[in-house]
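Please read the structure below before turning to the comments.
Just so it is clear, A, B, C, D, E, F, G and H label the chains in written order, and each chain counts residues from 1 on its own.
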């Protein structure tokens, strides 16, 4: 930062830059610096990263207005946790919006996504599908190729083992599981990839809305597994994509 | 019970039995009946069942006295959750007592145990061993052959799969696991036997003294798994032996 | 497995089997082996075991399609946690489906069930009935005779004691209880049979959706009691039936 | 109240009432009123009630000093949760102090206790004894006859049933239980007396230091059971004695 | 019981009673004995005690049928947790049923209730009223005079202190409180009566459906306070009435 | 106190003090003293403090009646947690009532509020707005100037830092946050003002209805942060206003 | 900040300040600005504020070194949660250190403290004393007069009421309470001052290390009560002092 | 795998390989395949990965024996959660073992580690150091350059902001925090790197052994943060190193 400062000051001294303009530049430096860093990294690492609206807890009007605003300067915008009702209203204002119903995501994609690398999203039961799809669609829109492995569960290990090759060719693995949440440990014992575990609130009785799966995943005897919040497919997809793109960026 | 009553009353009527004696017989009937049923079943199903002392929370003197009393009418007595210190003192009074140190069980065995059938006790980590051994020794002393499978864990599935034959030839399977408690679900997906899952308090961080493993096991996606209390190897061994002997009794 | 491998290889060497065919056989060995074992046991021990669909969290279409698929190769299929609405729609496609309303189970039974042995299902209050019936119907359809003892509760011990004979003549006992969950302990003190305890979410105030009954059952002072998840009548019925059939299979 | 005050003051002014008498009337008006009422009730209902020191969390010196102070104006003083070490030191200053070791209570009793009525204290296991004795000794020193029924547990109902007569002849019943905490419900189903349930922290695994027993007791399906805090034998004994004495006071 | 047995046996011996009849008498003895004891106590202590139906979790038909049955042999029957809709339907079958709307209790009272003694029911907020009324109406219908003190709360102590006389003239006090649940401790510091504390689920934020008030009451620094389950006004009213009647019975 | 009473009475007797004056002195002695003190402080410190109705859990009629009553002697009355439906009905009876929809507060303001000092209300997300507005409107109506800082969050620190001046010129700061509840710690590291933290139930997954934010705030590494109940904007606004007015009162 | 920037830049332009020096000034601006603000406020509002070391979890050497460092530029330094052993070792290096044993605070005070205003610290039991003293000593050393009211508890309201005058003359009140944590609500009903409630881990049974008191305080029905973490007397003293000094600063 | 199988079979057919040898190769295939994959990935991605012993819960002898065994075929072996006492005994057998005392790690390093890329390990307080060091040493021994940033905390943001450059030049960031666990959210708002959050059990009062920090981190409003178990520095270091090496491997 010292260099940046020197440069501005020297221009002030020489009169190349007016004091008022220098004030403006300097004033935003500390934050813009932060922002810059972020942008820099975003540009270098995650370029084309879309803006995200968390729809839950917002009114239909709020979501539509925020999206219209974001679209002024962004080519990709997504809204997560979006109902079909929300989508239908939003489409009146933004006709090119598309809806991923399993993932409950509304997306406006006004540029091509050049997907790279590979993220695996695995889950066992049909009830975990919405969370798994939220993760998968998020990673895809953000720039990752995603391979879905949805027909696996600890109660039928052979199906999981049959698909190990798919895991081996990925950069990151997202494992979504409810109930006893054992799948990440089992997958983690079979492959040596970063695993992002997503507990789901799927289950009955003493699962306490996903707490059972969450605790299982945190207590995994397999190292290299990190956990996001219950049902938070978006955060898992975001993180997996970030790691995947970092690996692929450096590949060149 | 009606027959039993009729029999006594007829003997009273004929004078074969005195009223006082009949009173004694009748008075204990309702409870003796209960007891009888139990004894009957014990005799028919679990014969040779030893008496059990839960040592934890009892003084050394209390354990020794209870054991001396029980030995007056029992040929097999065991004390669970017993320390080696307790054993050393007890041995002064009961020289033929033996100590299973991993299982923390003191046993006095004054008759041969004819073991039948097979119970598998499986666990993953060395830290689960005390609980697994408590289950195994309990089942053995009560009359079951026990096969220990202690080198398996969900982080190394191939070792588990290598030993499936041992599971297939058993009548009941006890699975002991701490941390994420995933082993019962994985075993349950591979075999079709009654599984008794024992969560252990082994683990760190958010395992909450075994709660994590307990919830995992209760929420297993595999049916046919029942759970006993955290670290309660004795109850698992007791129940597994009961089922194993029932099956074997009927085999003849 | 060594023998199996040797056999195949010798046939390859002698040309009895083509390499391509041997590859096919070998490739599925590890999993088919697992599956085989399962099938073997299912065939030997639990023959006629029906396929099960867990309806909760699935759409009506999903349940109907899965059931239609399963019926292509299965003669008995059941769907648990099924509403009457689901049943009415499903019946349009599968007219011979029947509905057990208390148990909330849809069943298609295209072969006779030869029931064996006996499972007792006991519960205290009318509010526990749906869970108890789920356990009972499950065990019946899977091949067990079931005796229901629904008029017992710890607040009226004499009714329980009156029915002890029914418990004595069973192979396994399922005890369903909500609120303080004391019934399994009381029953366990009176009989010497494997007891599967099912806590229910029935209750008010500090019962925390069944946690109170669950903890009671796990902490029972009576050994030989194993617990399934809150309200999980299906798993209890499944396990009880498995034990019951094992005992009866061996009886011959 | 203004009128009440005016009335008294006018009588003072006219001399109709002496200043001393007015003081007495006025003084008890606000807090003395409270105190008076309390004293009145104590005098009428619980006369001879001793002073109580809760030793836990206090230093030896603090307990001795408080007790010496209380003994200046009280003939009965007790200290609960007192260790034997504390007792030995205290005895140097108060030689007539006695120690109830099971109850962990130090008592100085300088007047005869005329016990009335009957309180039953029931518990199942030896591990619950300290809490049961704290309840029993408290009630005895405060003026109740206490009958201990310590050989009962839900795993052996006949022993409980054998002793029902003792329950029938009491005014109040204290039931102390750890683990699954089922005893109060079972007792409550057999007798129609006020039951004070005391959960104990006795147990293992998922008993959570008495939470299991506490929840059981709160969720009892039997009405007429009230619960005190975990291990709080003193409060149970205090309340039982209060009810017992109320009944007996009125008997005359 | 010995005498009872002797009597029957002697009649058998003399032929005064047939063996078959003696069997019938003996067979029901153990339970009838229990029942007898209960009836005896009910008759002696709580005579006129009504039958109670817990409506919650029962269908309208079930409640009506149970009540019609109970009315065949009872003059007083109540149903708790009853909605007004339930009452309106029930009234078609039982026209003399009355409804206490605040208490959500349906009652059929076909005999006069001679109320005795006094139970105080105190609560602070209007939101606690349904629980307080459930306790009050229960105690009244079971035979106690009830004084309601509903305008008190720890935030306005003077109103509580103003009404202390009402507390002093009662035999038992029920204190109903939600939120921080402090009222029982404060009342317990002012009066020397048995206090039954009822936590309510009233509150917001971190009250966890009454857990906050429940823990407060269990941890009261004032001895002599016992607690029933959250919102369980019925159990509190039942117990308070039982104590109140015991005191009054003995008064004569 | 006896001396105090004697002194007054003797002065009454001698006529040194009039009966009316003595009444005044005596009357405030016990509870009036309390009330008086409160009024005194209210008058001195928080003058113009409005009456508050907590609408949640009350019927529309109850709220309207209470408000009509309060308005007889109060010039400012507010009802919190009030729906728009409630407001519309209430307006028929109290036409000058106004509604703050974000804060869900109904207010009747029949005197000018002279606002003093400054309270800052900060929050991050739009979902926290209702709680923040409840705090803000409460403080405003009670007499504080309020500055809202709603565009800040720990994920975008520069926006927070940009607004530090606003914090520096306040007397008290209310920080409202859901999810991880980190904002109060961050603000507390930047400013040296009393901070009242309000956790909100906003969030998903393992936030447990605000428990996550509540625990964060209680465990803040920054001293000088005090916490109110989850979602309790009213209490935060009330306390902040009280501190703010105390500072401002003394300013003169 | 714009002015500050302009000033520096103009000096750069005129050569009054060298570029290197300007860089140093500018670089440090954004954070120094924050720091400045803090210092400014500290200077303006809480002048003489001491530095604080949290001893728990630090080695003796670490505490001594940190304190020696802080004393180079501070005249008042305190270490909280300090054992007497720590104090004795520290005294060898810092002979003028003093120890407040009840509060477990080591202090070095090399300037006079001019105490202002008044903070009341109230608690009920002797077991709460360490936490209360930590709060009191903290507030005193930071510059507040503190009045301790330690002989009050909800079980003896008259003692509390007797001391209300002391509360009325304070600016802030700290209420420390364990067990049921009711004291803040009761105090809050009697006075109109900001109340900082400190739950303590004092208690037994179901108090869960202070959770019971914490929930009580958070759920208080009295507004104007804010809560700090369990046993965190320091934070309460810090906040109370901050409010007290703000009020007093403005008094002049 | 098909190719692998064909190859072996063809060699069998041609006699190039004996049947016995083929059996050995085939038998091991399914698991070795898994293992191979792991090794392959380990070789390709994480080459030189050391073996790890979790010392906690193991005896000194067990750790020494396991380490001696591992050293037969490994050049790098580490033991985590190792005490200094353990190290001293182990050193007698393995003299080249070294001890990282802050990290509590014993390491035997018999080959050079060529570190690549950069992992940042950040934490705030000295109490978090052991966990942070466990993460840092783990990542270093496994092959990552690690930059420690230990002087940052949310209470002093400027120190954090001062060091942002260090974060920007890393591939992964580990953030270790106890108490309110806010640091990962704040860091996540400033940088766009994968963040692995490690909650620590450091804290007091209502932190519940790290639950407070764990919940904060799971509920972070910043996406891209994944969480490992409380105090599990090893797992965080393992995962961070895995991601870091993947990025660096691909860089070439």
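Miscellaneous remarks
The rule is simple: a residue touches a chain if its C-beta (ideal position, glycine included) is under 8 Å from a C-beta of that chain, and two chains touch if they have at least 3 such contacts.
Because the structure is a prediction, the values reported are computed rather than measured.
Matched by residue number, over half of the contacts between the chains of F-G recur in the interface of B-C, chosen from B-C, C-D or B-H. For the pair chain B and chain H, the CA-based superposition corresponds to a rotation of 90 degrees in steps of 5. For the touching copies chain E and chain F, the fraction of interface residue numbers used by both falls below half; the interface is of the different-residue type.
Rounded to whole angstrom, the centroid-to-centroid distance between chain A and chain H, based on C-alpha atoms, equals 24 Å. With each centre defined as the average position of its C-alpha atoms, the distance from chain C to chain F rounds to 57 Å.
Averaging Cα coordinates per chain places chain E and chain H 61 Å apart. Chain A and chain G have centres, each the mean of its CA atoms, that are 42 Å apart. Residue positions of chain H with contacts to 2 or more other chains are 30, 34, 157, 161, 190, 205-207, 211, 214, 218-220, 229-230. Contacts between chains, counted with the stated touch criterion, involve the pairs A-B, A-C, A-F, A-G, A-H, B-C, B-D, B-E, B-H, C-D, C-E, C-H, D-E, D-F, D-G, E-F, E-G, F-G, F-H, G-H. Across the complex, chain H meets chain F through its residues 124-125, 153-157, 161, 179-182, 185-186, 188-190, 203, 205-208, 211-213, 215-222. On the chain C side of its complex with chain E, the touching residues are 126-127, 157-158, 161-162, 202, 204-207. Those residues of chain E lying in contact with chain C across their complex are 30-31, 34-35, 56-58, 62, 199, 201, 210-211, 214, 229-232.
Contacts from chain A toward chain H in the complex involve residues 1, 30, 33-34, 37-38, 40-42, 45-46, 52, 161, 164, 168, 171, 190-194, 196, 214, 218-220, 223-230, 234-236, 238-239, 242-243, 246-248, 250-251. Listing the residues of chain H that touch chain C in their complex gives 1-2, 5-6, 9-10, 12-13, 15, 19, 22-23, 26-27, 30.
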